[in-house]
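A short write-up of the structure that comes next.
A, B, C, D and E label the chains in the order they appear, each numbered from 1.
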Amino acid sequence: MDIGNIIDAAFSNAFGPQAIVFALAAIGLNVHFGYTGLLNFGQAGFMAVGAYGLAVTMVRLDLPLLVGVAAGLFASLLLALVLGVPTLRLRADYLAIVTIAAAEILRLVFGAVETKKVFGGSNGLNGFTDTWNDLNPYTGGIDIGIASWGRNDLWAMTVGWIAVALCCLLIWALMRSPWGRVLRSIREDEDAVRSLGKNVFLYKMQALMLGGMIGGLGGIFYALKQASVVPSDYSTNLTFFAYTALLIGGAARVLGPVVGSMIFWFLISGLGEFFSQATSGVDPLIPASIMTDTQASLIRFILMGLGLMLLMIYRPQGIFGDRREIAIDAR
Amino acid sequence: ACGGGDESSDDNDKDVAKGDGEFVVGSLLPQTGSLAFLGPPEFAGVDLAVQEINEAGGVLGKDARHVKGDSGDTDSGIAPAEADKLIKAKADVIVGAASSGVSMTVIDKILGAGVVQYSPANTSTDFDEGKYAEPDLYFRTAPSDVLQGAVMANLLVEDGRQNVAILARQDSYGETLAEQVKSGLEAAGSKVAVTSFYGEKAPSYDAQVDDVAAAKPDAVVLIAFDETKKIIPQLVGKGVGPQDVATYFVDGNVADYSAESFAADLKGVKGTVPGAEATGEFRERLLAIDPKLKDYSYAAESYDAVITSALAAIAAGNDSGEAIASELVEVTKGGEKCTTFKQCADLLADDKDIDYDGVSGPIEMSDTGSPTSASIGIYEYDTKGGYKAVKYIAGDI
Amino acid sequence: MSDAIPTPQTPESERRKHAEGADGAVVRADNLIAGYLPGVNILNGADLYCQPGELVGIIGPNGAGKSTLLKALFGLVKIHSGTVTLKGEEITNKRADVLVSQGIGFVPQTNNVFPSLTIEENLEMGCYQDPSKFKDRFAFVTDLFPTLGQRAKQRAGSLSGGERQMVAMGRALMMDPSVLLLDEPSAGLSPVMQDEVFVQTRKINQAGVSIIMVEQNARRCLQICDRGYVLDQGTTAYSGTGRELSNDPKVIELYLGTLGKQAG
Amino acid sequence: MAETTSPTPGPSASAPASDAPVTGPAIRVRLLDQQGGKAANDPPPVPGVTVSVADDSGSELGSAVTNDQGVAAVAIPGKGTYEVSIDESTLPSGVKLTGKKTLTVKVNLASGQNVAFPLNGKVVEATPFAERLVDSIVSGVKYGLIIALAAMGLSLIFGTTGLTNFSHGELITFGAISAYVLNVTFGLPLILAGLLTIGIGGLFGWGQDRVLWRPLRSRGTGIIAMMIVSIGLGLLLRNLFQFFFGAGTRSYNEYTSQRARDFGLFDLSDKEIAIMGIAIVAIVVTTTIMSRTRLGKAMRAVSDNPALSASSGMRVDGVISSVWTMGAALSALAGVLLGVNSQVNFMMGYQLLLMVFAATVLGGLGTVWGAVIGSLVIGVITEVGPLLGVPSSIKEVGALIVLILILLIRPQGILGRAERIG
Amino acid sequence: MPVDITSAREALAALPNDPGVRKPDPIVVGDDITRTFGGLKAVDVEHIEIQRGVITALIGPNGAGKTTLFNLLTGFDVPDTGSWSFEDNSLAKVPAYKVARLGMVRTFQLTKVLSKLTVIENMRLGATGQRGEKFFPAIVKALWGGQEDEITARADELLTRFKLDAKREDFAGSLSGGQRKLLEMARALMVDPDLIMLDEPMAGVNPALKQSLLGHVKSLRDEGRTVLFVEHDMDMVRDISDWVIVMAQGQIVAEGTPDAVMADQRVIDAYLGAHHDTDLSELNEDELAEQVEAEIDAEESQ
């Protein structure tokens, strides 16, 4: 058992590219759900169109990286528009199911044999990271004792954390403004907002687009970091985990999603490493009769499930949330 | 090899990253998911190879190390995370994944990190096409499905099947193997009545099974992983089960079904699996590592993947991924034949050019890193859901 | 209890009045401290009692804690300290359905109907614990509010504000309770219906049901009730007979206003 | 090369091509009379036909005549490309070539290559569309009925507690697995195991409510927070199932593979008929309870307003407990039926969940009849879609698109009711 | 332009007390508005006019269709038939938010407070024409900060008036029933509407506060705004309304000045009851009950 490795895994992932992907996805969700009350369970869909927008542009059309990024962002914006028109007038729980359905439709279509020529079928697309890797100014990885990252990770982290910071800044500026106030009011009661002369649909659409674009950015970043775009990466679980990250940090708080996804990855990786070490090697800490290493790889998800439940039970407002807000929810 | 091992070590030092001196094998093989039944033989193969390498003195003066990773399914998203973990653990070679679909999802990531990806079981033709047709850090010991497809088509024609239905999983493996079987059949004058794909995660296969039944085929080729257990009863239900229509399996589903209630139905089902016949002696060595082994599919290929990459590292005098890749093709062909790690390593120590012939076959690598020839075993099921080899067919790709 | 802002306290005179009069009461609340959030008390030591067969009215400014007091009596708000007794037996923080089986009925101020149930089903819920009474009570309630009988199959969620109020009141009457807690039963009703509610409340009361009602239609409330309380900031600020209170200049100034008087 | 081929299954005892007198690499032609597809499994060989093989430069390597088994073999030098042709004039009368006369064959197998020429090949005679349509509708109804059981469970729980239960799929899986354990591990007959499972499933639901949801409610946890808890619970259970049950797919030891019977326009096996029958009975029982009994009304009352229900003398927790018990029992039954239909797997419920959600929403959240109708619509569209051009590998897409379209027209679902404003 | 209230009243007083009577200077004119729910004709108004610059009360038995009419006029519900205009703009099919922007703002009978916003934020939301409510300007505080301060000042003033200033920083969700009513009304005033439509604004408001709020409503009129309100509190109707419209079973059945309407026997029978001015404690209860019941029967049979 090597405690150092466990710490290293936990910290490296908490600040690594994976956390950035989830931070972006969760910031987008925060705009949707945290501030506007849109129960978007299709964030994976926004991420998928962002990623596929990038990959298809670069792989199939052979256009440069920047065009790919623009295409990805545009695709997620477009999805927001197309999805928003029919769904934004649905009640929250209906919206949740419809957005899941939309995200699943996208994932299935992206992975279908019939669209293989464009989207690459269930293996997805790869081979678009050359420019991205070439731009990498670092020559080697870094090891700071409690964490270490490779050269590619460092580059991804540099770009990624800047993007996260810019997004947070934007959200902060928007949410303290009257615009943000309208969003938060819509979350509470649409009819009341309508009666005060605000075009509720327009605001919801703007929120859907903004959050969707940030989600799309997360997808683009995911694609670059993963060096492949695979439909199954964008399953509903991705959305669930993004929600988890958001709620750990606390919804409707600017830094909630960021801190949330860092903690999420800290725990997931740390636990994963712990159990994999505890069950591997010649003389495992936990003997194979109790738990095989295959079973061990499940433990972190079991614990994550448990953790998520406990968090919601004992601190439903997340790390940054306001207890008073939650009390009002009780029905 | 043509270049010869003698000069290459000097060459490579200039343009190739220097490894850290410890030869680390990461394995990205299925512990979970729909190929989990193939995990044990593959892990055993890797473990056995590492053990023998270390008994023979290790690589570049240090013991080789094995770090395990789970490849899961394509849809479980485990593979990329585990690949990250292996890369972090300073793996020089990652043996895996088993499923072509999973390999596709991690290939750019592993290659981008300068690590060799070396699959013992990927048979999809995708790895010899497009971007991956060029020499890179991807290698495999399993033959492309060009071969399995041809053998399967040949078998079908031999059995007089002229109206074949293919039911395949929709991924890199299923799609390309179905394609190969189909083109093989059509070239040989037979016909494919219908090719139906199902999604990996589909909750029901009714529509696809209906497709197959509606085509009234005289044979069904089922290209599937663990889902086979769900599909067979549905085929039976629709009157196109193995007892109604001749049924053929492939490497993804030739497995022991004796525990299943439909075991008896499988009598007479034939299947193809790439790989030469494993010798009894090799099996015993594997059993010493993992006494519970039942299947041996791809154990030999896994073993050979580790041995060849260790040899390549020694040949390059450098354990970095790029160095290994630069020598991998060379150690498998042209030179003095050798069949065990010790033998080959000794030859290399004498600055000889070697040609490793492994337990999975002669392993002559093409420039794209795939074997150029191999054997495919043909198996047949008995009444109890078990299977045994009927014959082995050798061929080129 | 010495915060920066002094917690409001029930005046000594009221305390004494309570101690003297409360003996033998059906419902009796002593020095209730209760609230919704930890650390924020809405009731700051409220006292109240209701003698058998009495009709007690509670009035007071908005946010004084009137509804909270009723909810506390009925076990819907957590009581931090103080006691509630029913016929001498302590019922502090008891579950609502247990209280119902002991004969207490409650009509909340808001959200007081089941929107997706029909009117008839709403009323049926009123005698959930004893369905055999349904027929009789239903006849009684629809006699009181004929609209309800005519619209028996309409979903309560589509009803107008006043119609809902009738359903809410009707539901409580279905129970045939021995103690009835009413939170603003007349709100939203047309004037004639308001009169009807007050008259009927009085009639029900005279049939032996002890009633505690909160009302903003304060003047009317004080006209029919035997005794009234004025609640302010979670404390019992004044109490007395209806007439005493409606003529008390302090009460008029602070709570009743002069609107009705001027016009009348 | 003496290759051994054992007889293939079924009526077809095909003759091994290796009977041909050639050893070493060869092109072996096998001629069978398909009889227009009628002889699907046992086509008679066509002897006495001449075939010839040429190499890729066009020079003939040899020819041969098919033997009694319809096989003719021509030796070839090794791997390479060859042209194989059939001499049509030697075909017996009544046998016609229905494909190309010459085939270009690339041989890369050491043993050579087998080749066929289609004779009297199948005139496209696939099952008529109408029959396929009916067949699809029937399987759609079956699928829909299974979904309906789970959807009613979901709808009950949502309807009463407002909880969008993302761990509902695991209730389905739980049912399937517990029946598996009873059936396979303890050796009970499946029918008994299934019946017991309904009870165990109900108990599981009851326990879940007792241990988890009731305390949450009494703490005043919000609806959204509870929904997230259900996501966590789902994750937990799914992985626990995998932990103990493994990732593989397993089947019950009875009724697994049952042959369908032909009912004219559609085929159904006995177990499928039983699945539908059981589902219908369960649906009727549930809807009757909901609309006729006091408990049914109480459930709706609690869903509207728990505090007011308590004020009306209901034991709200008791009502919710019965809802969880009923909902979980229904879902467990759905799991058993699904397991009988398509085996048991730790993911089966999760994979079905989206369809269950779609069905519930389509029908109108919280209405039990709506859930049934929504499920049937979803089931039928999923299965019929591929006939109408939805790629069958992604047939769920059809149903999901229809879901979105219907909600466009009726945002409250098919049976849902719009709410009053103001 | 503030209307001279005395002359406006005189002009109204001169009108006949017919349902749907033409007004000298209507701000809202509606024709043939109907709305049915299932078999129930909830609203069936042939002609309605609301006089500009005065306070009009809309009264009628429970279920008469008052709230539904509000919903229709403000675009929250869609009528079966009908057309209506506000300040000569036709409003049929105009979405609710545009109606509000045109200056016609309503409150809800069942309050709709924005629970997780503080009271002051609720108030600020009401203000119209906020520059910071547009996406891009919102990012830069300099563009809207000044306006925000003005809005806040106005909001604070209203809060004080409505005795909600102590609750300024509390979440609106924690207000009592009556306080919510107050907030709802105060927030609607933030819109600065020409016509404000209040649906039972005083239900549940304690009498003393009600009285002081009446003064505020009157001052709205004096600023030149038009007020239309639904109310069951006759003291209030009598005190502040200049004109009263009576609805029953979806139709307008009577109109007139408060005194005239309240003297109308039909209105008394159907709606007010004979005793709305009597002290209940002074009457023999059985006798009273019988009388009240008779009145109710009258209402039902009408």
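Observations on the model:
Rule of thumb we're sticking to: a contact is a pair of C-beta atoms (placed from the backbone, for glycine too) under 8 Å apart; a residue touches a chain by one contact, two chains touch by 3 or more.
None of the values given here were measured: they were computed from a predicted structure.
Touch-path distance (fewest steps) from subunit B to subunit D is 1.
If each chain is reduced to the average of its C-alpha atoms, the one that sits nearest the average of all protein C-alpha atoms is A. Taking the CA centroid of subunit A as reference, the farthest chain centroid is that of C.
For the pair subunit D and subunit E, the distance between mean C-alpha positions equals 59 Å. Chain centres here are Cα means. That of subunit A falls 32 Å from that of subunit D. Chain geometry summary: the mean Cα position of subunit A and that of subunit E are 47 Å apart. With touch defined as above, residues shared between interfaces to two or more other chains in subunit B number as follows: 32, 36, 170, 197, 199, 201. Multi-chain contact residues of subunit E (touching two or more other chains) are listed as 67, 76, 108-110, 174. Shared interface positions of subunit A, defined as residues touching 2 or more other chains, are 108, 111-113, 191, 298, 324, 327. On the subunit E side of its complex with subunit C, the touching residues are 37, 59-64, 66-68, 109-110, 167, 174-179, 181-182, 200, 203-212, 214, 232-236, 238-239, 270-273, 275-277, 279-281, 285, 288-289, 292-293, 295-297, 299-300.
Those residues of subunit C whose C-beta lies close enough to touch subunit E in the complex are 36-37, 59-64, 67, 109-110, 146-147, 150, 158-163, 165-166, 184, 187-196, 198-200, 202-203, 206, 216-220, 223-224, 242-243, 253-260, 262-264. Interface residues of subunit E facing subunit A in the complex, by the touch rule stated above, are 74, 76, 95-98, 100-101, 105-108, 112-117, 121-122, 124-126, 128, 130-135, 138-141, 144, 148, 171, 173-174, 187-188, 190-191. Residues of subunit D that touch subunit B in their complex: 3-10, 12, 14-17, 28, 30, 32, 34, 37, 40-41, 43, 79, 84, 99-100, 103-106, 108-111, 113-118, 121-122, 125-127, 132, 135-136, 139, 143, 242, 246-254, 256-260, 267, 269, 271-272, 341-343, 345, 347-348, 351-352, 355, 382-383, 385-386, 391-396.
Within the complex formed with subunit C, the residues of subunit D that make contact are 294, 297-298, 300-301, 303-305, 307-316, 366, 417, 419-420.
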